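Next up: some structures, all given as C-alpha cells.
Each of the next two complexes has subunit A plus one more chain, namely subunit B in the first and subunit C in the second.
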Partner chain A sequence: MTAEPRRPTRQLIQPDLPAFDSAALDPARRAALAELLLTLADDEFVIGFRDSEWTGIAPMLEEDVAFSSLAQDEIGHARLWYEMRSALTGEDPDGLAFGRQPDQYRHARLLDHPRNGWAFTMVRRWLYDTADAVRLAALAGSSFVPLAEVVAKVRREERYHLMHLDAWLARLAEHSGTPRGKVQAALKALAPDALSVFTPLDAEQALIEAGVLEAPMTELAARWLREVNARLAALDLRQLPHTDPPVDGRSREPVHESFAWLWEEFTSVARLEEGAQW
Partner chain B sequence: MVAAGMGTRPLEAAVWAALHDVHDPEIPTISVVDLGVVRTVEAGEGSIRVELLPTFIGCPAIDVMRHSVEDRLRDFASSVSVEISFAEPWTTERITADGRAALRAAGFAPPQQSVTNPDRQLSVLPSLPVGECPYCGSRNTTLENAFGPTLCRAIYHCADCRQPFEQFKEV
Partner chain C sequence: MGDGADPQVWEVFRQEKDGDPMRHAGNLRAPDRDLALHYAREFYGRRQESARLWVVPRTEISDLSDPDLLKPPLDRSFKKPGGYVMRDKLDQAKRRARKEADR
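Take a look at the complex of A and B:
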C-alpha cells in the first residue's frame, strides 16, 4: 500500500449523526436516554473489538473477512450511539469511547469473557446478537425519532450477522464429537451471564413511559429466552435456564481480567498521545 | 424533497447532473446518484444543502463521498453543506436501473429483491437472496461468504460458468 499524505486542512472523519434539538427534551428524559445509549454503545464497541481479535487469525480466510466486517459494522454502530449520547450530554464521543477508565464501561458482562476458541466465540456472539435483535425490536417504535431512525438502519445490517452466526451455530452443533461438545461447553460457561444484555436500567420506567422502550428489560429477557431456547432445542443443544436478568449485569466491580486486557489494547493508541487525531 | 435527477429548478437540476460525476470510491463504476445515496438536494441563493444516506453505517466510503460531493459542488454556490441522514434507511431498492446495469457491467451482481420481514428474523431466520451471475446470468450459484471485501458486498460462486463473483448485498 502506498502511503499517500492526507490532505492536512480537513478532518477526514466527521460526525455522522444528523443534528437534533436536544434542548427540547426535559432533563430527566435526556438522562434516561443517555443511560440507554451508553449501554447500546458500549455493547457494540466491546463486541466489535472482540470480533477484531480474529482479524488475521481466524480458522479460515472467509471468517477472517467476515469477522473483520462484523467488527467494522459494530464499531460503526457504536460510533453513532456515542455521538447520539454526546449530543444529549455534551460529552466528547472519542472521550467516551477511549477516554474512560475500565470500570466506567457499561457493556453487558456476557462481553467480558475472552474470545476463547472458535466455538466459544460463535456461541457468545450468537447469544449477544439474538439478544441485541430483541432489544432493537423493542426500540424500533421509539418516540425519540433520532434513535428510531438509526435502529431501523442497524437492524437491516444486523440481519446478516444473525444469519451468519446462526449458520455457524448449526454447523458446529450438527457435527457430533468435538465441535458439538465445545458448543455445549460454551453454552454452559456463558449461561450465567447470557441475560446480562437485559440488565434493567436505572431509568427504565421513564423510558417506557416516554415511549422510547416498548417493555421492561425483564420482559424482553423472557421473550429472548423463548426464542433462543426454541432454537437450541431444534439443534438438540442445552437450554438456558429461565431466570430474570441480573441486576448487576453491567457492573464492573471488579473489572474482569479479560476486559482489562481488551481495554489496554483498544485504548493503547489514544493513551499514547492525548487528543491525537488519526 | 426532489427525486433523483428530477430537479424542477435549473440550479437543482444542474446539481443533480453534477453529482453524476461523483463516484462510490469502493465501486467506482457507479455514481452516488445511481447508488441512491443522495436523498435530497436543496439549492437556494448562494447555498446548497445535500443529504446523503449511508449504505452501511460503518462504511468509511461515506466520508469520502461527502468530501467528493462538497468538492464537486464548490463552483455552484459559496456555501455547500453535505449532511448524513437516517430519516429513511438506504436500501438497495434505491439503486437506479442505470446503476444496476453499471454494476453488472463491472462484474458485480446487483442486489436481488428481498422478501424477508425484519420483524420475524429471529424465529424464522431468512435465507440469503439468490445470487445471479453477472457473467452468464445463471442463478445456479452458491453463497461463499456473506461478507466480502467491503461491508456492502457478498461473495458467490457460479456453478455454470465457474466464476466467483460479488453481489451487492440486499439491505
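Take a look at the complex of A and C:
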C-alpha cells in the first residue's frame, strides 16, 4: 500500500477550523488544551453514534429525520474538536476517532449507557445537551481564539438541539402514565452518572489560569444542577441530587459493556483494513 | 393539541431569502406546533436554503377549488389586461414621439 497523503474528499467553501500556529503555544498549554479537546471530541463522537442508532426506528418518520440530523451534527462537532487537537499534537484525526482502544476514550460515563427506549434516550440527551451548553458557555470567552471561534459556531447549532430536546422532555413529562413514568425511571437510572460531564480535568487549573476555561468543573456542575433542577421542578419531575462531579467520570476502568459493543460497531469499517485510504 | 394526540398534517411555507414571497414548500406530520417547526427546519431549512419558515395546520386552511367559481364557462377575456390591444396604439404613439423629436 502506497502512503500517499490523504486528499480531502470535499472542498469546504469556508473552513470551519480556523488556522493557527500551534508552535506559538508553550508545551504545557498545548497539552492542557489537548486534554480538554479530547474530552469535548469524545463526548460528541460517542453521543453522535449512540443517537444515530435511532435512524430508521424513531417513533415517526419526521422525528427519524430530525434526530438523525441531530446525531450527525454531533459527529460534525467531534470532527472539529479532533481536528483542533490534531493541529496541536500532530496526531491524525481519523486515528484519534477510530484508531484507539476502548479504554483510551475519554467521554463522560453518562454516555456509556445504551440507548434503551425513546424516553431514556431523550432524557440522556437532554441531560447531556444542557450540560454541554454550560460547558460551552464557560469556553466562549477563551483566550485561545480558535477555540472561542469554534465554540461560538457550535453553540449556535446547539440552540436548536436544546429546543428540540426540551420540547420532547416536556411532551413526555406532561403525558401522564407510561411516558411520564419512563422519564422518571430514566432520571433515576442516570442520576449517578449525570455529573460525569463535569469530571475535573488534570489540566483544569492551567486552563483557568490561561483564561481558556472560565471556572472549575465543580462550579460549572453546580450551575448546571441549578438550571436543570429548576426545569425538572417546573415539569414536576424528580430532582438530581446536589453532589460534586465524580473524579473518575471519564475513566474506562473497566470498559462499560455497552461502550465496548459501540466501539466494535463504530470502528468496524476502519478496522477492515488498517491504513486504507478512503 | 392535547397530550398524546395523533400527529396532524402541517403545511410548510418558506422564504428563500429576505424580501422574497413565502412559497408553499410541502407538508409534514407533527403532534404539536413546536415539533412542526422543528421538523420544518429539518426538511426545508437545515441546508441553509431558507430565511424564514411558516407552519400552518392543514385544518386551518380554507380550500376553494370549485370550477364554477374559478373557471366560469363564459368568455371573460374582457376581465384580463390582455383584452385591450395596446400594441398598435403604442406603435403609433412611439412614431409620433420620434417625429416630434426629429423636428
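The criterion applied here is as follows: the second predicted complex is superposed on the first by the 260 of 278 C-alpha atoms of A that agree within 3 Å, B and C clash if a C-alpha of one lies under 4 Å from a C-alpha of the other, contacts with A are read in each partner's own complex, and residues count from 1 in each chain.
Keep this in mind: a contact is a pair of C-beta atoms (placed from the backbone, for glycine too) under 8 Å apart; a residue touches a chain by one contact, two chains touch by 3 or more.
Just so you know, these numbers come straight off a predicted model, no measurement behind them.
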{"item": "Side-by-side fit of subunit B and subunit C on subunit A, or clash", "value": "clash"}
{"item": "Broader residue contact with subunit A after superposition on the shared chain, subunit B or subunit C", "value": "B"}
{"item": "Contacts of A:133 with subunit B and subunit C, given as first, second, both or neither", "value": "first"}
{"item": "Which of subunit B and subunit C A:75 touches, first, second, both or neither", "value": "first"}
{"item": "Subunit B versus subunit C as contact partner of A:175, first or second or both or neither", "value": "second"}
{"item": "First, second, both or neither for A:188, with subunit B first and subunit C second", "value": "neither"}
{"item": "Touching partner for A:271 - first (subunit B), second (subunit C), both, neither", "value": "neither"}
{"item": "First (subunit B), second (subunit C), both or neither touched by A:66", "value": "both"}
{"item": "First, second, both or neither for A:164, with subunit B first and subunit C second", "value": "both"}
{"item": "First, second, both or neither for A:153, with subunit B first and subunit C second", "value": "first"}
{"item": "Shared subunit A surface residues [contacts with subunit B and with subunit C]", "value": "62, 65-66, 69, 160, 163-164"}
{"item": "Of all residues in subunit A, those that touch subunit C in their complex", "value": "60-63, 65-66, 69, 160, 163-164, 167, 171, 174-176, 179"}
{"item": "Subunit A to subunit B touching residues, read off their complex", "value": "10, 12-14, 16-18, 62, 65-66, 68-70, 72-77, 79-80, 130, 133-134, 137, 146, 149-150, 152-157, 159-160, 162-164, 166, 227, 230"}
{"item": "For the subunit B and subunit A complex, residues of the former touching the latter", "value": "54, 56-59, 62-63, 66-67, 83-87, 89-91, 116, 118-119, 121-123, 125-128, 144-149, 151, 155, 169, 171"}
{"item": "Residues of subunit C that touch subunit A when the two form their complex", "value": "3-4, 7, 28-32, 34-35, 38-39, 41-43, 46"}
